[in-house]
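You will see two complexes here that share subunit A, one where it goes with subunit B and one where it goes with subunit C.
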Partner chain A sequence: MSDILSTVAFDADGFMVDANAWTPEIAAAIAAREGITLTDRHMVVINYARATWKATGDAPTLRNITKNTDVGTKELYELFPGGPGKLAAKVAGLKKPTGCI
Partner chain B sequence: MKTFLILGGGTAGTILAHNMVKKLDTEQWKIIVVDRDKTHYYQPGFLFIPFGIYKPEDTIQPKQKYLPRKVEFVLSDIELIEPDKNRVTLTEGKRVITYDYLAIATGTDIRPSEVEGLLGAGWRKNVFDFYTFEGASALGEFMPKFEGGRLVIHITEMPIKCPVAPLEFAFLADWYFTKRGIRNKVEIVYATPLPGAFTKPRAAAVLGDMFKKKGIHLEPDFNVSEIDSGKNTISSYDGRELPYDLLVTVPTNMGAEVIGRSGMGDDLDFVPTNKHTLQSNKWPNVFVLGDAANIPASKAGAVIHFQMEAAVENILHHMAGKEMHAEFDGHAICFIESGYNKAALIDFSYDQEPLPGKYPFPGIGPMTLLGESVLNHWGKLGFRYMYWDLMMRGINVPMPAKFSMTGKIK
Partner chain C sequence: MADAPRKLSIIASKGSLDMAYPPLILANAARMSGVEVHMFFTFWGLDIITKKKMDHLNVAMVGNPNMHPMMHIPTWIGAIPGMSALGTWMMNKEIAKLDFPPVGEFVQMLQDAGAHIYGCKMSMDMMKLTDADLVDGAKTLGAMEFIELSEGGQIIFV
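What follows is the complex of A and B.
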């Protein structure tokens, strides 16, 4: 798995530099590095995050995810422990979400 | 006769009304302002009410007093906006207004019902907001009776109106309890969904240091799951539970409900808007001013002042069938009241985070950026007069719209 990641460019915080280079295999490897084994439920969030990025150029907020998928906030924290917004963006190959001011 | 309809007569709606009266031929254009509340609130003043610096009545004026005479003011809630049909239905008498141009300035409000338990038994007993006139006034009555314990200041989720206000609340609380001689009996905790004290790195570092100096405990990455009024605890999704004696929370901020009802908003009922032109992304004859827009700028009065020039120019160009080339740059300026008659000042834009240095304030002199000073504090208090006597009367305020690097240190 680490072989896959050695071919991918990351920024200092571990977010992919080029979201277009993302593949589901890379997602699995990034997730594994973060201690997460991907399930279908993770993929619901990741696919939504990718679709949002394609439409708007940004990663979705937690509220976007919970309102537009069937994943609730509690489950989201179980799937991506700690910071689900950042972690989901990372596994989805997107840039670090910019906190709105 | 054509109609220019403005929804909302607060900061943005009032300044826009003054501009349109001046710029449009009122023989040809009828300008209507609709608002459900006859009171205009000086919202920056709400922060001072809990600490007894302002009385509640210091923050209110009649809305109509500040609207130009040539404007028709309609006091009513809005039932529905139908942008595809260019019409708006009011609740009062079910009046229907058909417009040629629509300006949405319906602002943002708190939605405490978004957090489980927030509206429980403790609401406005020992759980308060200070973003509404009622909340700030209730807290103003509670504070002198608070004799010590754990104060938790809390932000639910971003974006919020005036993102520095909760920081100011923390600094003022430190000063207020010190002045009362009970600071040693009060623990101050600041729980935020952000990874630090503020969104932008340079300012977060400076403000984080101020927290340490003032003995305010920072609880970062705190995403609230529930408030339990029985146990007096606030919990996060990652399993933290903070007990409180007094909870001062900033509930979820959302746009007006009519925006959601009319299918014009995003997940938070803010209207998707071009961040440079301030035109709606979907309807060319609809412009969105102030807090109602989803643009990634601060939701604050100074931002409205800075965006107005570009918005008005673009509206007029669009009416004339010309290309819109005026661009709002996301410019924001905020005083951060820090207690002990001092304040800090930050000045920033879409592209430039707050930096230290000096802000060349015309007629007053250079003001310290990203550092505390007494002059900044007087600037903050003086802003109330500038707001009512200049901004709300459509008189030009000597603060250039465009962000500038002058005086700033990289």
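What follows is the complex of A and C.
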């Protein structure tokens, strides 16, 4: 598992440098490093984040995620207990969202 | 990346619409970053978590230095009846544009996000409020208890 991460470039805060290099396998490895085992519900968030990034160039705000997926605020925090603002983007291979909400 | 868990205490003491959002936004940002959050609503800040008032907060047009430079409203114009309603309407519109929820929904979102919400005991006594008047999930707390609970964390006063 750590093998796959050694092939990926990260910035100082642990975010992937190149979002295009992201794969679901890398996501699983990043998640594991953060103590998270990915489930289908994580993938709903991650796929939405990836799609938003492809469309806008930025990671979605949490409010965007909860408004446009069936994952609510409570569940989002359960899925990413260390702070979904950073973690969801991190696992999705994106930079920190720039929005404040 | 082995950061010690951070803790943030926010004291919200103002209940006008324009002063309600900063503590809510800061609390939300902290939760998004995984920081433990405790919010203490005291004096007029109590309106933010009072069921009957939370969705009816107003912008004061007179004696509010925040009117500059966004609106350039001279004090005498602010005193005209209806100006506060207009300012409130304008601010609500701008807030919605930024995708910030209305106050009631915002407080619910913060609770869902795991922020702890406390009403100041003394302010509640002063305003003749009981637990039932506060938003569900809010707890009543004395100032000393809040200070004790904030030990080891950072405190922001709004």
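Keep in mind that, in the parts below, the second predicted complex is superposed on the first by the 98 of 101 C-alpha atoms of A that agree within 3 Å, B and C clash if a C-alpha of one lies under 4 Å from a C-alpha of the other, contacts with A are read in each partner's own complex, and residues count from 1 in each chain.
In this text, contacts are C-beta pairs under 8 Å (C-beta built on N, C-alpha and C of every residue); 3 or more make two chains touch, one makes a residue touch a chain.
All figures in this text were calculated on a predicted structure; none of them were measured in a lab.
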Checklist entry - So, on subunit A, is it clash or fit between subunit B and subunit C? => result clash
Next on the checklist: Going by the contact rule set out at the top, does A:G72 touch subunit B (first), subunit C (second), both, or neither?
Outcome noted: second
Checklist entry - Just subunit B (first), just subunit C (second), both, or neither: which does A:G14 touch? => result second
Next on the checklist: In the overlaid three-chain picture, which partner chain does A:R63 touch, first (subunit B) or second (subunit C), both, or neither?
Outcome noted: both
Checklist entry - Once the shared chain is lined up, is A:G83 touching subunit B (first), subunit C (second), both, or neither of them? => result both
Checklist entry - If you stack the two complexes on chain A, which partner ends up touching A:A55: first (subunit B), second (subunit C), both, or neither? => result neither
Item to check | subunit C clash site on subunit B (candidates 98-106, 152-160, 314-322 or 368-376) | outcome: 152-160
Checklist entry - Which residues form the common part of the subunit A surface touched by subunit B and by subunit C? => result 61-64, 73-74, 77, 81-83, 99-101
Checklist entry - Where on subunit B is subunit A touching in the complex? => result 157-159, 163, 194-195, 199-200, 221, 223, 225, 237-238, 267-268, 296-298, 332
Checklist entry - Which of the residues in subunit C end up touching subunit A in this complex? => result 1, 25, 28-29, 31-35, 98-101, 109, 112-114
Next on the checklist: Please output the residues of subunit A touching subunit C within their complex, sorted ascending.
Outcome noted: 14, 61-64, 72-74, 77, 81-87, 99-101
Item to check | In the complex, subunit A residues that touch subunit B | outcome: 61-64, 67-68, 73-74, 76-77, 81-83, 98-101
